[in-house]
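Reading through the structure tokens given below for one structure.
Lettered A, B, C, D, E and F in written order, each chain numbered from 1.
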Amino acid sequence: MELIKDGIRIDGRKKDELREIKIKAGVLKRADGSAYVEWGMNKVYAAVYGPRELYPRFLRRYDKAILQCRYNMASFSVEERKRPGPDRRSVEISKVTRSALEPVVLTENFPESVINVNIEIVQAEAGTRCAGITAASVALADAGIPMRDLLPACAAGKVGGEIVLDLCKEEDNFGESDLPIAMVPRTGGITLLQMDGLMTEEEIEEALNLAKKGCKIIYEKQKEALKQKYRGNNND
Amino acid sequence: MELIKDGIRIDGRKKDELREIKIKAGVLKRADGSAYVEWGMNKVYAAVYGPRELYPRFLRRYDKAILQCRYNMASFSVEERKRPGPDRRSVEISKVTRSALEPVVLTENFPESVINVNIEIVQAEAGTRCAGITAASVALADAGIPMRDLLPACAAGKVGGEIVLDLCKEEDNFGESDLPIAMVPRTGGITLLQMDGLMTEEEIEEALNLAKKGCKIIYEKQKEALKQKYRGNNND
Amino acid sequence: MELIKDGIRIDGRKKDELREIKIKAGVLKRADGSAYVEWGMNKVYAAVYGPRELYPRFLRRYDKAILQCRYNMASFSVEERKRPGPDRRSVEISKVTRSALEPVVLTENFPESVINVNIEIVQAEAGTRCAGITAASVALADAGIPMRDLLPACAAGKVGGEIVLDLCKEEDNFGESDLPIAMVPRTGGITLLQMDGLMTEEEIEEALNLAKKGCKIIYEKQKEALKQKYRGNNND
Amino acid sequence: MTEIDLISNIEKDYILNLAKKGEREDGRDFDEHRKLILEPDLIKKAEGSCLVSLGETKVLAGIKVDKGEPYPDTPDQAVMTTNAELVPLASPFFESGPPDEDSIELARVVDRGIREAPALDMSSLVVREGELVRVIFIDLHILDSDGNLFDASNIAAVTALHTTKIPVLDDEGNPTEDMIPLPVIKTPVSCTFAKIGDNIVVDPSLNEERVLDARLTVTTEDNGYVCAMQKGGNSEFTVDEIMDCIKKSIKIGKEIRKTILKTTGKQKV
Amino acid sequence: MTEIDLISNIEKDYILNLAKKGEREDGRDFDEHRKLILEPDLIKKAEGSCLVSLGETKVLAGIKVDKGEPYPDTPDQAVMTTNAELVPLASPFFESGPPDEDSIELARVVDRGIREAPALDMSSLVVREGELVRVIFIDLHILDSDGNLFDASNIAAVTALHTTKIPVLDDEGNPTEDMIPLPVIKTPVSCTFAKIGDNIVVDPSLNEERVLDARLTVTTEDNGYVCAMQKGGNSEFTVDEIMDCIKKSIKIGKEIRKTILKTTGKQKV
Amino acid sequence: MTEIDLISNIEKDYILNLAKKGEREDGRDFDEHRKLILEPDLIKKAEGSCLVSLGETKVLAGIKVDKGEPYPDTPDQAVMTTNAELVPLASPFFESGPPDEDSIELARVVDRGIREAPALDMSSLVVREGELVRVIFIDLHILDSDGNLFDASNIAAVTALHTTKIPVLDDEGNPTEDMIPLPVIKTPVSCTFAKIGDNIVVDPSLNEERVLDARLTVTTEDNGYVCAMQKGGNSEFTVDEIMDCIKKSIKIGKEIRKTILKTTGKQKV
């Protein structure tokens, strides 16, 4: 399969081009904050509950809130029906999602508490962890949780010998490597970093910088979604 | 299969005739109250423990006792061996059983407590949920738990185009519908109501009234069982 | 298969001869006490943690420490890969191990506490429960837990019509019976006793006495291991 | 702890007193459903799907169709299973973990309505009798839990079935490129009632659910037959109340059925 | 928390002091079993069954027989599994959930006695070597837990096996209408002893179990061989005590075996 | 409660201040691994094995090889699964039970390095395409958890693979007596870094893990390619820091790879 030809990718995008992305804040009533992200074929909801008292008590931290993250896929979100409930992959993604979000959430403001971040992937096609983190930080902001910054996330990778932004399904399956990151826009610091496949040192540096470029674009969309919500509320 | 002919059902009963039913109160030593019901081929034990302190504490209700019900089938109670432990069916039956019994138990007398109702089906053949509820309310009375009334339960349904009482196995499998109820004899109120299969409005009304008739007969047997126990104890 | 011929067993041992046994105390850093036992092909680690405060609180005993024992086999310890986690066999062995160790541990010295004994079988070939108990009591001593005595364990059994000590794999599989015991050396009391297979009353008596003889030899090796550890520490 | 525990007595009295006056917190009539929005076919990875909004309650149903063995006692019938996930996204009181009694009851009541109507012609989904049949998974993903999950889930599932397309199989049971719709022959619709004091309201809101004395779900099919009922809650119904709910369910069910068929382009003109 | 924790020191001393005087709370001799009642064949849905009352302890054993693959290492043997359910009906201290260590130990000790005797001719239950054998499920349902579940369960299981009838299979392994009894070739009987202070009593009551220092179950078969032993409890036995228990188990086992065979009509006249 | 919670602020400051001065608690340089000891082939019951001691951290890897069906989407590839058991023997904070997020992450990071390098020629382990392939189980048994389980586990797993011998299969897929080594074509080595304040150290000790701000594991293969990365911890990395870790991982990886190949007799002379 020829994944890239004359700089044009299998789905028609340029190397540094993102798939189409829509972000909406405040989409659920029960949650304290929520967001919905469509990213290519991915459809992702995020909901935040808290800060609230943590039970059982022995899990409490005297100096900060505990951040609990849950990444979950709907049974019908993928080609082959997935059995409901967490599998090993989603347990790992839940963990790296928490690790990505922790640096931007001011957990120290809410000792003894818990903040719950729930991410539901209702349709999946390459890049759900980045879409989930992107949605989650908008939902956190929508919930009024104080944050150092929003947290956009985006992958870059190597496909057909070239470094490209935001891999689609075929690129993910048949490309050489995938490198998802989450970036704190204010500092440029990387809070999510995973990688699989083969890349040289230099290729990784190129991919990191390209992914950061993607994060900046997504950051603007995140802010726009929150402004829309604010405007929308004023119009109510 | 012809399920009914000239008003006579496949097992020889008339349309408004119950299967043979035996009820015995106080059959287990360890339980605070217990009962055994044989209903056709069904053989059912019920045991009540409590009221006792509820742990963990956060489950307690300041204004009433929690009623916990567990409906369980022995592995050997059915044709094909059943794997031990609760399946989805028994979880649902446990829930509707609790919902049926709650209105007759004076849970408000025992705040912060739990009352446990355990139902074991050791042989099953159509109608175990009604047999279980029938046994459970006798066991509650045997345990001395204050109640508004005993709670008889009985099904009616549509079989071969006719409304009949207390479906047997073949009628349950090949009939048109089944409608189990539990009735508070003092008020005629319905506390258990489920139905599957097809019936018209009018047929349902007929079935409800027939099932209530069945409940009244069972009520007498429940009271008799408790009297027998009382008499038996006096003879000891 | 001829398991014994002219008093010589299939692996070349005499009837009252143990397989080769090595015991080492203090082999793990994190544990409060630890031991490693090689016994024939068996390779066993034991680690002790505690006494420490027991949670949840309602499990605490006001008059003594709770002894928690966990016997576990590594997936790769046996011919056919074993699924990780406890199976019914290991749950039973964990229970009889606790029952064997309780009489020699002065649990009454540490009310409200828990002492954890963890046994990991990393290679298994007949006799792991005895090897585990043997290792565990050395680990308990290494942890400085006060004990009435060390607890050696050893099996005897009937193989090819004769009573032999410490069955090897083939003897365990094709012999007539196996009888593992643990013995308190100071009193000769038996704290572990299981048996399967067929033996007469007289054969059992012979096997018990032979197994006790084995325990005495193992007891010397246990003491030697602890002395070695002590010497070793002095040399540090 | 369930959601029901957490309402104050003041709120309870408020809703109860409103009901006595024939009123509801959100201004609805007793027999009035909240606003119903159907968004079919949102999930391209599923063979069928529908997002239902019933007021603020949101349920996403997805249908996946696979092949497998029939149950031994029904060798000439397709296999259908219904599952409901009350994910913690949807409510502060939902917890992760295996299905609890609430999600099991929800799935089983929706399943029973579909099975008993029957919504599907299960015998036409057999590839080789006793050996190979279609296996239909109905998965209910609750997104926002704001009252009356039963009806929102029923409507989402049934509408999703109406939108489901499956590949025609060849003689060996392998999929061809031709797609056909699932044989949906009935459109069962459930109607859930809450008894609050002596009054009965349809489509209870979250607050009404919290204070209800008893609950009744009645599922009806196209010809006005009742195909499933389920009582819940800690109080009792009279026969008259039950019959009244049935009448209303038949009436309201007709309206909702029309909406489903219109949305999925199945309405007979 | 186990039942053992909950007896007061006063009760403990009382039972201990009685034992020192050679007495028991319920007036029995040290070597005396409680009243044993066998009610075989109560469960028609099971291929075999027996309800055992040992004093107030009640255990219902059911036998189900299916077909399946043999274990790879025993291609010429039927498969047998034993399971015990300590359901919350039977004791205020039993909890629902997967089998805990007590129910696992109980099932395994009963299983071992039956397997090692051996009670069944496992090689005669093979349909096609390495491919298809009978699978025998022994399920122990504890109904009332009033002491000595080991012996009540052993007797229930063994008696139920004696009553079990299975269909003769044809050459393809399909059941015919002819029924044959399971090939029960031995009747293993367990005897459980409680060491209380320096005294040893048979068939401990619930209170005796709560105070016992150590427990020993000895299972014997028809020819007087011991086929299984299991020690429990937090104290030790001397070799003499063990040998004494074995002697008593052989003796008492004979009596109980007679009762089982008589009840099931298998006693040789 | 995790181990991380339990360090006092005093200890935290101590390690942080040491790092500012370019020092470590145990006297190592920032780029210095602890002493590494490989003991391959200790477990005869496994087809391959290795006990790794990295300082006091001890991980025992065992390889079992079986046969089975390939995954439907990779019919021409062997199946490999990696599992890590953080047994309570190894740390006062490990609990028995199903794998938690820490053991799952550990297993998956080790697995990814091996899979992506790729360490094994998976296509040469196919018996019949789409039907029968070798199934390789990598089981990591943690014995002593004293910091940096990632690298100890990676090295144990990779070395164990190098020592693994499997029987040649005949045409029917049955094992013959001839043994061949697993086709290990690459030796992926991971290097884990801890960011403590503004400093980055390799191979963190337990105390360093407890105070670290962020963690980065970089796995490299024989040709200097990176094949896997995983960031952990509650802080962030700059791109420069990441690139610095990658350079160091390539360098340190080479040394460790040499040790592995030497130990297993695979070093090219």
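The working rule: a residue touches a chain if its C-beta (ideal position, glycine included) is under 8 Å from a C-beta of that chain, and two chains touch if they have at least 3 such contacts.
Keep in mind it's a predicted model, so treat the numbers as computed, not measured.
Any chain bridging subunit A and subunit D, meaning touching each of them, is missing here; the list is empty. Graph distance from subunit C to subunit F, where chains that touch are one step apart, equals 1.
Over half of the residue-numbered contact pairs of A-D are shared by just one pair in A-F, C-F or C-E, which is C-F. We define each chain's centre as the mean of its Cα atoms; on that basis subunit D and subunit F are separated by 48 Å.
A straight line joining the Cα centres of subunit B and subunit D is 27 Å long.
For the pair subunit A and subunit B, the distance between mean C-alpha positions equals 51 Å.
Shown for subunit A are the residues in touch with two or more other chains, namely 58. For subunit D, the set of residues touching two or more other chains reads 99. Here the chains make one closed ring, and walking it from subunit A through subunit F gives A, F, C, E, B, D.
Of all the residues in subunit D, the ones that touch subunit A in their complex are 42-46, 49, 56, 58, 60, 62-64, 66, 83, 85, 87-92, 96, 98-99, 137, 139, 141, 143-146.
Those residues of subunit C that touch subunit E in the shared complex are 58-59, 61, 88-89, 91-92, 94-96, 99, 102-103, 177, 179, 184, 187-201, 204-205, 208-209, 212. Across the interface of their complex, subunit A is touched by residues 1, 5, 99, 101, 104-105, 107-108, 112, 115-117, 216, 221, 224-239, 242-243, 246-247, 250 of subunit F.
Residue ranges of subunit B in contact with subunit E, taken from their complex: 28-31, 41, 43, 45-47, 49, 52, 70, 72, 74-79, 81, 84-86, 116, 118-120, 122-125.
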